[in-house]
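Some notes on the structure that comes next.
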Amino acid sequence: MTVRLTGVGLRLGQVRALDGIDLHIEAGERVAVIGPSGAGKSSLLNLLATALQPDSGTVELLGEAPWRLSGRARQRLRTRIGLIHQAPPLPSRQRVVTTVLAGRLGRWGTLRGLASLLHPRDVPGARAALATLGLADKLFAQCGQLSGGQLQRVGIARVLYQQPELLLADEPVSAMDPVLADHTLETLCRHAGERGVTLVASLHAVELALAHFPRVIGVRDGRLAFDLPAAQVTPERLDALYANAGIASPQAAGAAPAPVQIPRC
Amino acid sequence: MKRVIDLAIVLALLAAVVGSFRYLGLDLKVLLGEGVGGQMADYALRFLRPDLGLEHLQAVGRGALETLAMSGLGTLLAALLGLLLALPAAGRFGWPGKALARLLLNALRAIPELVWAALMVLAAGLGPNAGALALAAHTAGVLGRLFAEALENAPPEPADAIRLEGGSHLAAFCYGTLPNLWPQLLAYMLYRWENNIRMASVLGFVGAGGLGQMLYTTLSLFQERQASTVILAMLALVLLVDALSDRMRQRWVRA
Amino acid sequence: MLSRDTRDPAFLPRLLLGLLAVLVLWPGIRLAELDPRVLFQADSRQAMGGFLAGFWPPAHGAEFLELLLDATLQTLAVATAGMALALLLAVPMSLLASRALSLSAASRSGRPSTLGLVLRWPVRALLVFLRSVPEIVWALLFVRAVGLGPTAGVLAIAITYSGMLGKVYAEIFESVGQRPAHALMQAGAGRLSAFFYGILPSAAGELVSYTVYRWECAVRASVVMGFVGAGGLGQQIDLSMRMFAGAEVASMLLTFLLLVWLADQLSRLLRGRLA
């Protein structure tokens, strides 16, 4: 079993972000997580990526309990888990090729990783990863020159290059137009299917979730509202899930370049 | 009420200025009048024909290169040392490391370059080595603090993401934090280099080599014509470094 | 479809840059005779150690403290008087040099005519010259010209800082939006009136802030100039260092640190209130 959460609870500040989550996901499954804003989708995905530690319950990922491991072992586990962030954490002054190749830093070791900063080690590999997302021509562009949707695709390319066994995606298509979003999700699902990778994606566009994922999980107020095959998700269930929910606005992707302060004197 | 206080402050400032002149026994009339004014005019005239003979120019040229090397290497060394100290000073290694690093940086910064130069001459002997090390010590304090502030303001997300995919701390720093940080570090370094080229000329006064030492010698021997060549060389160096620094800023600092 | 090209377009420029760095650094290190290992050698450690050992306890005899107070006041006075003179010189120069008061720019939406630029060039060149020669060189020259003592320091600060203040003032005038001044000049107001009504109100804060910051720099500079005989704390430190009187140097360094800290606090206070 790739993912096993038992009674997991998580508190973020004053809020109970997750409460009593029981979740089993087998290897190779494709699961979509939907729910209103603030429901806890991001928290759930960050928890699965071991970015957040639960304060109750147990977490088992890829057969290991990450929070019982030593720091070094946990880092090794993390190389097998890939998280596509909602806002791509890509430095604006870095070239796309370097940022994509950064996906395998966990595997390469520090020296080879640093050498790649000076001269990229695996240009064909980076190009291939970008080509699946239609961005091969941006290989040597700077991240700061890309649009929001392009930056999100570069973030996805980095995780694809990482070749994790467990692929987590936090709103991976929020900055893309509907056609591009559909196409990108199709690429992700195909990639996962070909390699037997477990894919868990949170989406705020319900139609996309139902169209591409055979299993859908609904999250509301930090709890699992339902966990069903896509065909069994009825409009009534969706209404109940999103009742009284505000309009979810997609997070702006792409970090603005930090302003350089030049001292005057 | 605020206006009254502001007025009081302005009056106090004026009083301070007047007081300063009287404390020093300076009199503007005397300063610019015949006695001192005439002396200065005579002295200034002696500088008006710089010695441009080949031999002296070669010596000045060598001194200029020494000064340039001293300032550049001193700044470079300071940047390395400053970056090393900036990491703990930004809190990357916990609270005690931060306090210690900040203390060290403040100590390095507080002692002026000239005092450092005197100390280094004591330790390392006369010559540009002492000057370069003195500049490195003082500038490391200045740059270290500026770097630490820049580090603290840098967004943590890119580095955290690298850590989350199994990268080491060093890899996270180099891939996540450094790319957006280094233009700012470079800007600070160039700013200090512009300052150090002015200081490097001066450190020669305490024996740290370069143009400063030449100036001190020629002035002490009342060789004003030779001294004015040295001053022209100093001026040229300052303008050169300002121009180089501007080019580098255009190329690498502005996005 | 996909080319098998693995070439990185940044490879050649980076390689050239690396080669350039080596070509510049290697002779540079030889020229500067750079050798940090010297600091760790036994005899140099002894020399520094012996000198530093004399620092404790710092000198605190009553007579010495009086001398110290006198020297500190002298340093402060030199900095203040020097700044006052610098202001006197800088204000007219900055008005002359700034493009903000260019009549031709007023009628050409902000860009001065060539004649306007050329006529301003001598003043700008003078400002560059005044601030590019290090102030301590000016101090040395003035010491030779008018003798040892604080007069040389005051004149040196006045000259150098007039250049710095002049340049930054001119830049500040240009940066606070020139449209009000240009509008006034187009309506027939004289340049000086345009300045007082159009530029000064918005620029005043930044001007004051920078001037106070420069005063703080002047305090430090006047200590450094004391080393070449321009009076004040610096001259005393130099004398004590030559006599290897470690205790006196220690007291004076502490006083210097205190002075710099006080100047910094005063500078913040004034900038907060007046700017």
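Lettered A, B and C in written order, each chain numbered from 1.
The rule we apply is simple: contacts are C-beta pairs under 8 Å (C-beta built on N, C-alpha and C of every residue); 3 or more make two chains touch, one makes a residue touch a chain.
If you're wondering where the values come from, they're calculated on a predicted model, not measured in any experiment.
Participant: Grab the C-alpha centre of each chain and report whichever is closest to the global C-alpha centre.
Facilitator: B
Participant: For the chain pairs A-C and A-B, which is connected through the larger number of C-beta pairs in contact?
Facilitator: A-B
Participant: What is the distance in Å between the mean C-alpha positions of chain B and chain C?
Facilitator: 10
Participant: Calculate how many whole Å lie between the centre of chain A and the centre of chain B, each centre taken as the average of the chain's C-alpha atoms.
Facilitator: A distance of 47 Å separates the two centres.
Participant: Between chain A and chain C, what is the gap in Å from one C-alpha centre to the other?
Facilitator: 51
Participant: Could you tell me which residues belong to chain A and also touch two or more other chains?
Facilitator: Within chain A, no residue contacts more than one other chain.
Participant: Under the definition above, what is the set of chain A residues touching chain B in their complex?
Facilitator: Going by the criterion above, the answer is residues 49-51, 75-83, 85, 87, 89-94, 98-99, 102-103, 105-107, 110, 113-114, 117, 144, 159, 162, 164, 255, 257-258, 260-263, 265.
Participant: Which residues of chain C touch chain B in the complex?
Facilitator: 25, 27-29, 31-36, 38-39, 44-45, 47-48, 51, 73-74, 76-78, 80-81, 84, 128-129, 132-134, 136-137, 140-142, 144-146, 150-151, 154-155, 220, 223-224, 227-228, 237, 241, 253, 256-257, 260, 270, 273-274
Participant: Considering only the defined contacts, which chain A positions touch chain C in the complex?
Facilitator: For chain A paired with chain C, touching residues are 95, 97, 118-120, 123-124, 127-128, 131, 136, 140, 264.
Participant: Could you list, by residue number, the parts of chain B that touch chain C in their complex?
Facilitator: 5-6, 9-10, 16-17, 19-21, 23-24, 26, 31, 36, 39-40, 43-44, 65-66, 68-70, 72-74, 77, 110-115, 118-120, 122-125, 127-129, 131-133, 198-199, 201-202, 205-206, 209, 215-216, 219, 231, 234-235, 238-239, 242
Participant: Okay, in this complex, where on chain C does chain A touch?
Facilitator: Interface residues on chain C, with respect to chain A: 2, 4-11, 14, 168.
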